[in-house]
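What follows is a set of structures to go through.
Here come two complexes built around chain A, the first alongside chain B, the second alongside chain C.
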Partner chain A sequence: MFPFLIRRFFQAIPTLLLASVLIFFVISLAPGDFLTPARLNPGISEQQLANLSANFGLDRPVYVQYFYWMKNLLQGDFGLSFQYTQPVLPVIWPRIVNSVYLVLLNLVFFYAIAIPIGVYGAVRQNSLGDKSINVVLYFLLGFPSFFLFLIVIYLILQVRNATGWDIPLGGMTSGNYDQLSALGKFWDVLSHLLIPAAVLAITDAAGLTRVIRGLMLEVMRSDYIRTARAKGVSERTAIWKHTFRNAILPIIAGIGGLLPAAISGAGFVEVVYAYPGITPMLLTAITASDLYLIAGFTVISTILLIIGNALSDILLAVVDPRIKVG
Partner chain B sequence: MTAAAPTPTPQKTDRRSLGQSQFSVAWGQFRKNRLAQTGGVLLILVYVLAIFAPFIAPDGLSSYSTSNITRFHPPTPIEFRDPATGAFTRPFVFKYGQELNMDTFVNEYKPTAEQCPIYFGVRGAEYKILGLIPGNLHLFGTGQEKPDCNVFLFGGEALGRDLFTRTLYASQISLTIGVVAVLLSTVIGLFMGALAAFFGGFVDTVIMRLVEVISAIPYLFLLLLLRSVFPQDINPIFALYVILGILAFIGWGGLARVTRGQLLSVREQDFVSAARALGASDNRVMWRHMLPTMTTYIIVTLSLSIPGFILLESGLSFLGVGAVEPYVSWGSLLAQAQEGGLSSLNSRPWVLIPGFFIVFTVGCFQLLGDGLRDAFDPRKRQ
Partner chain C sequence: MTDHATHKAEVLLAVNGLKTYFNTDDGVVKSVDGVTFHINKGETLAVVGESGSGKSVTSLSIMRLIPMPPGEIAGGEIVFSGTDGNPRDIVKLSEAEMRKIRGNDIAMIFQEPMTSLNPVYTVGDQIAEAVMLHQDKNRKDAMGAATDMLRFVGIPAPEKRVNEYPHQLSGGMRQRVMIAMALSCNPALLIADEPTTALDVTIQAQILDLMRKLQKDIGMSILFITHNLGVVAEMADRVVVMYGGRVVEEGDVVEIFKAPRHPYTMGLLNSIPRPGIDAHVPGTPRKRLEAIPGNVPNPLNLPPGCAFEPRCKFAIPDCSKAVPALEDTGGGHMARCIRWQEFAKADQGVTA
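And then the complex of A and B:
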């Protein structure tokens, strides 16, 4: 196990370096920098501009900027955000935490929907339930997540107008959040998270359900399931212990991708829902060409991806005794 | 247990069963799949609709009146009966008047008694079908006698332009970008995979590392990053090409990996050695013997990855980095649903209509793709 981790670590270094180079130079290719809008502002003098530019190292060539940034990065310093004139890490950290809440709740829904439906579809193959679920899922696969979300918001608006029930429609907290008790705060955030997490889970679950159904069907036809049944194993054990555990191996192999996905946030849904997650922040950072913020975030998510991949390899070895790590 | 397997009885002398090519087998299989065929036919229909969009649409891509502002005009239902007599007449729409509601301070549209007859084959905005065939004939419209009459099948959008017209024009972009981006990324993926497999060594390492790096960066941010390399206010046509290129650049990694693996395994097989022994050039071996082994895989992944790219393009346009004014795609039409806060969506649900075009197209492509995959899969033969 340990040598495996060490080897993984060293293999990851070139990928990380290349990714950081790619990101850094793509950003510096963009026309103008953070100071472009400041230059148009008559209230800021030439001297101030020169100072700012020197402070941020913008007067040096790009590769020098890169090496300065890399040196700081190795010391755990992600640089300064131009927009917020604060270190990057404290700026993005609360946003990442917000996104993680949303994504975690989304994952709970995601697996709670996909696994039972997928297994049901395989166990009752070609039954009426299976077929109708298939049709619905097929339909859902074609929905862009933001479009489904807009439709849901429209429906919620109808419900709100009809019943006067105050369903949250955006953001993460209500206006009176500060006056709430600890439990009230928790419930407030949860009620804001429920709808986007569920909608996102429904659009994503369509894909996984089909995969689980296909994998289950493949395993259920194999000889050892027949043997297990012949030995008199109960139907429940045959399905959940013998079939399901083997069928989900390819899914476990992909679980490592969840780690970076969790901090990359819920994407479009965050934008539509005006959720204070990482996606809206990065969108503004990109239009403001806030170099270190973007680069810092991308480096973090790349590191997490690499850790995630190593984790899923280890998980795979735990679940499947045929696979040896190392 | 070793009972003789039933000897294969000679088939009826059906000419087609002799020496069928892989494609004729697949085509035969595809012919049996009604659902996939429906998807294919509907797609052809959608594409024809997109090509003749300027003719079918009653208005021009970006024509709006500056005197009669019809911002978020509600859809005008087409009436067939004369309200006075109840008899059938030429189809018409009511002219809508605007009034400021003094309680809510919202501009409200109300139908007036005035009727605007709908004519077929009216002259209107100039256009060029496919950039070649000029014309100014439109399938239907209210004609030019009453300039304030509007037929808004899907209502009006943020600048008061006809949403139906915009949706049709948007289909040209939405249907093109996804497909062309997939084609481009396939070409890049094949080329890179072949390069990596053929040269090996340093080239192989560099290409495979690049694939790894691209897949290590969250794709949404990579897309936005690459888009931010170009200024926001570039020529709108050029912006479309930029998005096309970026989508193609994001997508080639997986295919390059598969191509490399496949070519490496094929390289050692007998038919390639035989071709080499016969003195075939590297070029010929690559194009005539090695790459054709990928055909089935490419057709299937192509058709299955198109829906994903269409969804991605619509998402980018929704965020405002895809198609820019005056051009539209279905995604950028949906972006106006957010205008003025989500709560105002209630007063104009028709802006959601373009989204159903995305769902419809993606559904058709999925049906077609699944049908093609099944047709080429020997285990699923019927």
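And then the complex of A and C:
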């Protein structure tokens, strides 16, 4: 185990270096920079622009900017966000944490929905239930998510008006959040998260459901399931102990990818629900060419991806005796 | 048939007119169409036939492991007398009652030892699972029983092997594990579906020796499914030859090899070299082995008469009129051929 981690660590160094070069230069390749809107503003003088440019380091060649960034990065400094004129990490960190709450709850729902439906679809293959659930899931998958969320918000509003229940419509906290107890705060955030996390999970579930159904069907046809039945095990044991355990191996192999996904935000749902996650901030940063904010965030994602991959390999070795870490 | 099969005390399993059909998009596939045979206590019955003759479907029907749908047991009965000697019809049992029989009274081993064990559990776990299911033992005792079973089937260092995973064992070792699993609950009947087909010849001989030895120790009956006549001669007491989902010949193993009464059985026997009879005389051209021309008929579209008629060199117009009956040719030897008397006469002519 230890030599494996050491080797993975050293393998990660060139990967990260190459990734950082790509990240930085690809962002720089986009036409214009953070000061382009200011240049178009006749109220800002040439001198002011030159000062700003020198301040932000935007007057130097791109590779020089990269080396300065890299030098600071090695010391744990992700640079300065142009928009916020603050270090990147303190700016993005709270937003990342907010997104992690939403994404984790979403993932719990996602697996809680996709696994039983996928297994059901395999056990009752081509039954009416299997087919109708598939139709609904595919419809939701194909439906534009931001529009679906608008419909959901409209429906919540109707329910609120009809019943007077206080269902949160957006955001992450209620107005009186600061006065709540610790438990009250937890419940307040959770109640805001529930609906977007669940709706997002349902709309995305079709893909994983289909994968699990296919994997289950493949394993159910294998000889060792017939052996298990010939032993006299119950249907439940044949499916969950013998089939499911083998079918989820490829899913576990992909679990490392969830680590960067957890911080990358939940996507448009955050915009539509006015949720203070990372997605709206990133979208703004891209429009504003906030170089170091985007690059800093992407580097963190890359590091998490590398850690996640190593974690996947270890997990896979834990659940599949045929695979050894090393 | 039912009467004489069930009333004799020594009959363990009697299959009477079993019909197993599969409903496919192209029509009903009659994989097993009225199969009748029985197995006595302690004997080995070999079921012989080509791929697609219905021998595996017959064995899976006895275990009630036919996937339903598309499969269904459309008729017939499978009367199993069991260890308590109390006959019951397997076809009519509930799934829960059937689960108590599977792995306990009737156990099964399969053709592919490489893929027949679950890759994510240790072999000990997999044997212990059967023991815990049927013998009311806790996990620790069951693992002990698993170790004993591994020793029983001749696996060296069973204390170590019991904690190993299937991928750490060779094919022959895995088949021994399968046998250990099948015998862990002392079954009255062991169904062996081509258990040596996927193994090296030397390992085949070891596994067959092992099965014979264990049968002597436990006293179980074996339903041995194979297409290998060499294995039949070595293992079986009686033989059932299947073709196109029907029994075409049944009888004592010596009788079948010496005096086959169905052209399909004769074809099978002529397609293997027999030392002594086919011995090569130096200086003469080598005799070629005879092959049966053509292929197994499409089960969706069986010939109206004898299923073997299109490939049979003795076929006459009468053969395609109706399915011939399974007739007793004497001494429990049965054949489904309208010309069996002519073959019997010809045999007498040769030997006389």
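Keep in mind that, in the parts below, the second predicted complex is superposed on the first by the 301 of 326 C-alpha atoms of A that agree within 3 Å, B and C clash if a C-alpha of one lies under 4 Å from a C-alpha of the other, contacts with A are read in each partner's own complex, and residues count from 1 in each chain.
Here, a contact is a pair of C-beta atoms (placed from the backbone, for glycine too) under 8 Å apart; a residue touches a chain by one contact, two chains touch by 3 or more.
Since we're looking at a predicted model, the values are computed, not measured.
A.B. asks: Considering only touches as defined above, state whether A:H242 meets chain B (first), chain C (second), both or neither.
C.D. replies: So A:H242 only meets chain C here.
A.B. asks: Could you look at A:F268 and tell me whether it touches chain B, chain C, both or neither (first, second, both, neither)?
C.D. replies: first
A.B. asks: Contact-wise, after the overlay, does A:V159 reach chain B, chain C, both or neither (first, second, both, neither)?
C.D. replies: Neither partner.
A.B. asks: Check whether A:V97 is in contact with chain B, with chain C, with both or with neither, and answer first, second, both or neither.
C.D. replies: neither
A.B. asks: Please tell me which partner, chain B or chain C, touches more residues of chain A.
C.D. replies: B
A.B. asks: For A:S301, is the partner it touches chain B (first), chain C (second), both, or none of the two (neither)?
C.D. replies: first
A.B. asks: After the superposition on A, what does A:R226 contact: first (chain B), second (chain C), both or neither?
C.D. replies: In the superposition, A:R226 touches chain C alone.
A.B. asks: State which residues of chain A lie in both footprints, the one left by chain B and the one left by chain C.
C.D. replies: Chain A residues touching both partners: none found.
A.B. asks: So in the complex, the part of chain A that touches chain C is made up of which residues?
C.D. replies: Result: residues 222-224, 226-235, 242, 245-246, 249, 319-322 of chain A touch chain C.
A.B. asks: Any idea which chain B residues touch chain A in the complex?
C.D. replies: Result: residues 209-210, 212-213, 216-218, 220-221, 224-226, 228-232, 307, 311, 314-315, 318-319, 331, 334, 337-338, 342-343, 345-346, 349, 352, 355, 358-363, 366 of chain B touch chain A.
A.B. asks: Along chain A, where are the residues that touch chain B in the complex?
C.D. replies: Those in contact with chain B are residues 14-16, 18-19, 22-23, 26-27, 29-32, 138-139, 141-144, 146-147, 150-151, 153-154, 157-158, 161, 169-170, 260-261, 264, 267-268, 271-272, 274, 279, 282-283, 286-287, 289, 294, 297-298, 301-302, 305-306.
A.B. asks: Would you pull the chain C residues touching chain A in the complex into a rising list?
C.D. replies: Residues 63, 65, 95, 99-104, 107-108, 110, 112, 115-120, 122, 126, 129-130, 133-134, 165, 167, 178, 181 of chain C touch chain A in their complex.
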